[in-house]
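Below you'll find the structures, each written out as structure tokens.
In the two complexes below, chain A is the common chain; its partner is chain B in one and chain C in the other.
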Partner chain A sequence: MSENKSRLQTLFEQGEFVVTGEIGPPKSASGAGIREHAKHLSGYCDATNLTDNQTAIVRLSSIASGVHVLQAGGEPIVQMTCRDRNRIAIQSDLLGAYSLGIKNLLCLSGDHQSFGNHPTSANVFDVDSLQLIRMVKRMRDEKVFACGEEIKKDEPRFFIGAVANPFADPFEVRVYRMEKKINAGAQFFQTQIIFDLERFDRFMELARERGLHERSYIMAGVMPVKSAKVAGYMKKFVSGMAVPDDMIERLKKAEDQQAEAVEICVEQIKYLKNVKGVKGVHIMAVGWEEIVPTIVEKAGLLPRPQVPGLAQVAG
Partner chain B sequence: MIVAEQKPFEEIAKMVEIFDKVLILGCNECVTVCLSGGEKEVGVLATSLRLYRKQGDRPITTVEETLVRQCEWEYLDEIEKLVEDVDCIISMACGVGVQFVAERFPDKWVIPALDTKCAGGAVEHGLWEERCGMCGECILHKTGGVCPVARCSKRILNGPCGGSQNGKCEVKDVDCIWDQIYKRMMALGRMDQLMEIELEKDWSKARDGGPRKMSREEVMIGE
Partner chain C sequence: MQSQEIQKLRVDEKEQVQHQPEKPPLHLVEIREEITVSEKIDIKYIKKRAEITAVSYLWCRICKQKTPFNEARGCDCGVIMCNNCWGEWDSTCPMCESGMTTAFVPK
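Let's turn to the complex of A and B:
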């Protein structure tokens, strides 16, 4: 085993069905909550995403959050968007993140700033997510900066992730774009939250036709939706998310909506685990992190695997 | 063309509150076409200002003039006399015109009456849309003649992002331009071209590289 490889990459290569979680950094300068969440998820998730100013709201930086996860003994997946930094700042932050022990990077465009708490800010997008992926890969494999200048020593060697949204339009384009991301250097994917299993099946079918499941590790994104009210809200206001009516109905009818939410999420995970080409599940429960262990347990995903040579930690 | 929109009247009135005689200067090019700074708008603004100031007990004298173009010295020369005896000039041209006026008449206070929006055109009567971000290196041949630099909310060159839904952008009330680019490229049988990764753009050719210039030596008149 290469000492450079992240725990996440190692697990994929061992053929494990990987479980990742997500922590939304706070709107404050304390990492205590992040460390607490990371400890809480330990033993249930193999790695944890740290979002990068999600929905364009200023939060503790994803890289610093990743360091808090490391300090709590966990395995961070740091998210990096193209919204707020130009190529100079991105590369500088990548050097910094790697120097601090972060090995997994998830590259994405980022929500437009008009959604967040600083809608009047400038919109950077010097590079897009595809160019970002390619840039990170070239830094690692060709040892060059984006400008072509050589990185003389200690290049950052990230395990490169990307996102895929099977529920955005146009539908066919979603698979092409995933392929384009793989060509650019993406090694693993986390999908947008899946509610519409049928559409996801069709998406995976197209992905398999193009052999994408053999060229990357695809993780299916899920989310326990706490109540019918939350589900209704998401259907209405969250872009790129297909929330089916029968799920909202099912939650509405349930005596204990939270228990039902867990039940639905567990059913989804069990289903997704059997979809050919799905190599793991990414559980997004921001704001309800404490439910993750229950879901992982009920979905039959315990115990989490060990990585030889690495202490049994997670986060 | 340059698309511009008139500032709220109160703002213009506030900017000239200390002056008693103003020249309201229109432009006969783009801003006439987009109905924001042509001869007609000059007349309306002049009348409104006079009325407003009369009500406020500090009457104002307005001089009206509309030039062929404000962004060319030779037309500005025509108003030298008019400029002499006014306190300030309200330019109803785009930002380029306003600056040419200020540069040509360094002793005069110049006020912009418009907010310059974009390079675009009228897609229907009364509706103007942005089309070009003036990036300095056109890539329309790669995107089926549809510009992602100016028209994608994130100026993504390898789109569409995950926010595209039913032809709409994740940003409210905006069409997803990548949806249109894909449909066009597919219809033209050029999908393979979109599978190629478009590399990082050279923004030094855009405004990011500092103010830009263009020169044509063969038409320069030597001293």
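Let's turn to the complex of A and C:
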């Protein structure tokens, strides 16, 4: 199959500072909200993540959501977790997704089902995230299924992404995990939400020491935090998250906490843009999606770049 | 024996990344072989079955307690809380500040 790169990959290769957003699919069988959301982000984000039953709660499938984004003229990044499918189902869904026009794939383990709305369901984890990445790469580059059987024609040619968490312990191991994912085939990364810029700096230093910034496109994850209350919740109850106290204090003292939240997020993006090796920013505005265009604009990331030969799409 | 197994299971990520073959094995079976260090190779397949019943409880994100289905509430953003914790958080979602409108209806 001829090389048919995604818009996302093309932008990275052009050296653009990429902006991506995130859409959580609804707990219903309607795609109208997704299409509307994708249109809302049009011209502000270069691509949009579609989460795969995030927090282990049943939602409209990430692949179907990706198709809705395509229909709205957007560029989807479909997430695929290891929790819900075995290798047969994963490969089958990958063929299906690619056949429907989805070209970007983000491979991740997935949240444990215990804290979702089906806590007694079984999980699968037939393959882990590293094996998933490798499987997708082999399907593309070696034209084989996981079992070794040849894919006779039209192999899925995904641009492969993975996640990295600079804030989980032990700290040094995070970079090695990232390197293992690159070795397995990961081409781009989206990091966990960054609040602690100093710690992220150290992470990037280690990543640069190992040359990982030259072997993959690293996108820094950010989130506008609506209020001091939300920040406090995240600090205390969301694992793998480093929320500095001075950020919570700053929100507390603000007259308009939402305006301050936007200000903080914009400052973070401006800072991250200058960290060597960071090639883009991934904005996760959980429950506050409508604020994304404002943030992108205030961070000076407009206008979004064009890809020659492609119509202006976003979403 | 047990400590030996634990030792073997404790993965040195740095070692792994440095000695990673160009085409590492894909199959889980081979990992099972790696971690089986008892003299008698005895691979156990544990089949976890799901409970195919209506969910009777959920886990609260805040107090981490098992909560009866009809005493919990959920939010579109994914947060699930027990009614107690929800009350303590001013009856709003701690993540997105919505009213958490999802009720769980016992079967």
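Points worth noting:
One rule holds in what follows: the second predicted complex is superposed on the first by the 312 of 315 C-alpha atoms of A that agree within 3 Å, B and C clash if a C-alpha of one lies under 4 Å from a C-alpha of the other, contacts with A are read in each partner's own complex, and residues count from 1 in each chain.
Convention: a residue touches a chain if its C-beta (ideal position, glycine included) is under 8 Å from a C-beta of that chain, and two chains touch if they have at least 3 such contacts.
Since the structure is predicted, the reported quantities are computational estimates derived from the model, not experimental observations.
Within the superposed three-chain model, A:184 lies in touch with chain B and with chain C [touch as defined at top]. By the touch criterion defined above, A:129 reaches chain B but does not reach chain C.
Contact with neither chain B nor chain C is seen for A:262 once the two complexes are overlaid on the shared chain.
In the superposition on chain A, contact of A:109 is made with chain B only, not with chain C. In the superposed pair of complexes, A:118 makes contact with chain C only, with no contact to chain B. By the touch criterion stated above, A:227 is placed in contact with chain C alone, chain B being left untouched. Within the superposed three-chain model, A:286 lies in touch with chain C and out of touch with chain B [touch as defined at top]. Touch criterion met: A:146 reaches chain B and chain C at once.
Once the two complexes are laid over each other on the shared chain, residue contacts for A:176 go to chain B and to chain C alike.
Comparing which residues of chain A touch chain B with which touch chain C, the overlap comprises 114-115, 123, 126-127, 131, 134-135, 146, 173, 176-177, 179-180, 183-184. Touching chain C in their complex are the following residues of chain A: 24, 26-27, 54-55, 57, 114-123, 126-127, 131, 134-135, 138, 146, 172-173, 176-177, 179-180, 183-184, 226-227, 229-230, 233-234, 237, 286-288. Of all residues in chain B, those touching chain A in their complex are 153-167, 170-172, 176, 179, 182-183, 191, 194-195, 197-200, 203.
Note for the complex: chain A touches chain B at residues 82-83, 87, 108-112, 114-115, 123, 125-131, 134-135, 146, 163-165, 168-170, 173, 176-177, 179-180, 183-184, 192, 239-240. Against chain A, the residues of chain C that register as touching in their complex are 13-14, 16-17, 20, 24, 26-28, 48-51, 53, 55, 57-59, 61-62, 74-80, 89, 93-98, 102, 104.
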